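You will see chain A twice below: alongside chain B first, and alongside chain C after that.
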Partner chain A sequence: MRLIRLAFHFFRIGALNELQYRVNFFVQLLQSAVALAVGLIGLELVFSHTQALAGWSQPELLAVMGVHILMGGIIQAFIQPNMLRLMEDIQQGTLDFALTKPEDAQVLISVREIRIWQLVNVLIGVLVLISALIQIGGQIDLFAALAFALALGLGGIMLYSFWLILTSISFWVVRMDEMVNLFEGIYAAGRWPVGIYPGWLRGILTFIVPVAFAVTIPAEALTSRLNPMSLGLAGGVAVAMLLVARLVWQRGLRQYGGASA
Partner chain B sequence: MPNNTNAIQVTDLCKVYRVPVREAGLTAALRSLVQRQTREVAAVAGVSFAIQPGEVVGFLGPNGAGKTTTLKMLSGLLQPSGGTVQVLGYTPQRREAAFLRQMTLVMGNRNQLQWDLPALDSFELQRAIYRLPADTYRQTRDELIGLMEVGDLVHKPVRNLSLGERMKMEFIGALLHRPQVLYLDEPTIGLDVTMQRRIRSFIAEYNRRYGATVMLTSHYMADVEALCRRVIVIHHGHVRYDGALSGLVERFAAYRQIGISLAEPTDLSAYGQVVASDGGRTTLRVPKADAARITARILADLPVRDLTIEEPPIDDVIEQVFAT
Partner chain C sequence: MRHLFDFYRTTMKLAVITQLQYRTANYFYMIGMIAEPIIYLVVWSTIARAQGGSVGGYTSGSFAAYYIVWTLVRNMNIVFTPYGWEWRIQHGELSAALLRPIHPLHRDIAYFAGWKVVVIILWLPLAAALALLFRPELHPTWPGILTFLLAIWGAYLIRTMLLWCLGMLTFWTTRVSAIYELFFAVELLLSGRLVPMALLPSWAQHLARYMPFQWTFGFPIEALVGQLTPAQLLMGLAMQILWIGIGLAGVGVIWRQGMRAFTAVGN
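So, the complex of A and B:
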């Protein structure tokens, strides 16, 4: 409850900040539209040659794309800006202000920033998803919907943890900016279900960068191909990653407190 | 709860940094990739002092003396390498919420306000972080706004404020939770004289009203003179002086600097020690007691265009006294 109220305050500040730059909204709209068009054309191209890709039909892959855009929007709106700010704060020593507040520092650094225009992508993702589900036809039962929401939430937790671990490394290694590009490159691979990739890459996309959990598994939940085991595994991995992230963050803070001023 | 009567109690405090060393050049850089060589540097080497509740203490020393490092250990940002710190009975490095709620850190060269928004929005955020009840928050906020005389400026985006106005807002934001311990690190740096004076009287008033303990570092002697009866001077990580400000000025600022502009370059070494000479402008160092007499002689003897008498900068004084 506390966390939500604090997050709401930061959300408000973030919204106020961004509303001053309305042109960013249109830039974002344009960017999202281009990305969507490129994605759709890619999908068309693939299916002009074949009827199914690793067992996924065209509307099903559209659903994967929808989840990918949706999750991308969440990352860019809530996770990435906070982590970039953290990197900057570590480099410039301004993290001091967060550490002198009577609040858990991890909570504080995780909710400070928000890019509301990125929510455009969340919206587009939802629209793409809905249109995919209509094309697929059939009923989405309550169980599938809940499994989808749960899988999405777990995926979000994993990506957050992944980002926090990555960002915490900048307590030891000063320049981490390149990591952002690296992440974006790998995340782009999530546009397709991880099943289509060779084993080694699937391994990376599942357990190193948790794209499989964040995109493929939620999409599986909606296209009635989810193995309950996967969801259980997702839960386990999410908890484990959150714990590791917490640990690395705390080690990082100790490093910060011991390193030069 | 406080378990002793001192607001701040520091005993044998040490901080050792491990810094990488390597020689210049590519080869050395490559070698350090494989084998990192580090060297230990003691930024704070056995500092002890005690500060009573409500005291305003100037914390002085040249750059790199260990002032900021000490303040950071007192606020729980850095782990001491040795010794103990107690602030209001708490151990800062544990970063207990109850401790953090009672202290604040203001750094003149860094700010925490939202750049694009009116300061009022940042204040709201502080209220949420410190969980201040709405009515006490509003009361404190309006009181501080009144004290700082910022009025409607709180509605202007911070980016449109002057440096001084921004600093005033920083102070208000940092004090909304009415901390009992204030660490002020160069709070007036870069501000014009009027603004410095304004900030100074604000600090004095806050201290008077709330009985808060203040530790202040500043390069401006005027800040220290206006606010601190007591000063602690540290140099190379050691306390070199701890006592009344009057004693410090007497002991260390035993000189005055006289700046003289003459129509043509003249040798003035007969009047005092020439510190700097640049065309027609000469700076002399003379004993404080003789300053008036020598000034009178110079004015009588020479065609002086302009003449100023100044105390040497506090850093120079400290550096000079401790250089030996």
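So, the complex of A and C:
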């Protein structure tokens, strides 16, 4: 409970800080609008040549795109900025400031930064998702909605854990900047359901970079193609990844030399 | 002319030596870039198979060829970013460049061209790995290969000019990211980067004819993997020369105006 209050305080300060730069909201809005337009045109192009892509109809793929944008917004707002700051702190030795505080260091380094204007993408993602669901028609029952929320939460936990593992590697290998590009490239693959990728790539997108769990499975929950087994698997993988991330983080911390000594 | 040639040779050599030092960073960067074409490739091969083998004249094998060659052309398309101009002006780098008795454009062209040599060498094993994974169908003709080898450098020059023109807007204002984003979006859609030109609706293909983008991306790829006639190949090269000319003229005009607006920063 105390940790949640702590996180909330950090978010509030971060948000207040960002609210000073309102023009950035419009910059973000424009960027997101251009990205959305390109995405929609791409989808339109695909469906001008076919009626279904690996069994997914156009509105269903629009739903996948909505989840992808939504999750992308969450990563950019909460996860990535914290991890980039951590990377920088490890390189510069300024992680000392977080380590000397009397709270769990992993919690501290995970809540220090927030980019609230990125929440524009969360909003756009939700709007895209709603319009997709209206086009699909039919009823979303309570069970599907709950499964969606749960799958989204689990996906978020997995992506957070993945990022923390990746960032913790910089305790050993200091230069990890290029990994960010690599992650963004691979995350872009989640724009399409992972089922279309060849087996080896699907493996990578499921168990190494958990894009499948973070985007495809929540979208499956809403388009009534979810296998309850995959939700169970998602739960298991999420817990396992969180534990591994914790372990790697603690191991890495032992390598940390600090700068003030 | 002699000393300009010497300048190019020395700058390119410098770029090759420098970038070979950073080969790991270069490699990671190139690998990160591969995700994008693989996604397009998988999506369009899936469609081709669902449509009975081919869509818009492309089979999954020729899509593989298209998007593997894509990775090289994409690398050839990388030039000095327009976002970098702000840095150039702020850090006084431009002031220093102005003191040299040679137009700064030469330095950019020469340095990035040298870098490309390293990129092409690093690209070969990457292309081999992709070819093993995705089994491209490639039946290049000799005129096609020859045109490709010329066209990738034509593409490089066109894009250098275009992005120089864009970047020089920084002489007047630094709030240009909106223009850049829009430019890159239009380029992505109408160049053959997102999909081969043949898959675009006909009105978009028509629109693209009046723009330089397809000559920087789609044309070099199609020269190698497409079945272009010798006339089409020559026509493409001619269009590249035309756009290099237009770009050069644009750079000339904007540069002269920009120099008047430029206030030096530096030491």
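The criterion applied here is as follows: the second predicted complex is superposed on the first by the 256 of 261 C-alpha atoms of A that agree within 3 Å, B and C clash if a C-alpha of one lies under 4 Å from a C-alpha of the other, contacts with A are read in each partner's own complex, and residues count from 1 in each chain.
The working rule: a residue touches a chain if its C-beta (ideal position, glycine included) is under 8 Å from a C-beta of that chain, and two chains touch if they have at least 3 such contacts.
Quick caveat, the model's predicted, so the values are computed rather than measured.
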Touched partner set for A:A144, first chain B, second chain C, both or neither
neither
A:I165 in the overlay: touching chain B, chain C, both, or neither? Say first, second, both or neither.
neither
Scan A:I41 for contacts with chain B and chain C and give back first, second, both or neither.
second
After lining up the shared chain so the two structures overlap, which partner does A:A52 touch, if you call chain B first and chain C second: first, second, both or neither?
second
Have a look at where A:L29 lands relative to chain B and chain C in the superposition and call it first, second, both or neither.
neither
Thinking of the overlay built on chain A, is A:V239 touched by chain B (first), by chain C (second), by both, or by neither?
neither
In this superposed model, does chain C or chain B come into contact with more residues of chain A?
C
For chain B, which residues are in contact with chain A within the complex?
17, 19, 43, 68-69, 72, 75-79, 93, 95, 97-98, 100-101, 103-105, 107, 110, 112, 114, 116-117, 121-122, 124-125, 128-130, 157
Touching residues of chain A toward chain C in the complex: what are they?
27, 30-31, 34, 37-38, 41-42, 45-46, 48-50, 52-54, 175, 178-179, 181-182, 184-186, 188-189, 191-192, 196-198, 201
Show which residues of chain A lie in contact with chain B when the two form their complex.
5-6, 9-10, 13, 16-17, 20, 93-94, 96-97, 99-103, 108, 254, 257-261
Note: in the complex, chain C contacts chain A through residues 25, 28-29, 31-36, 38-39, 42-43, 46-47, 50-51, 55-56, 133, 177-178, 181-182, 185, 188-189, 194-195, 199-201
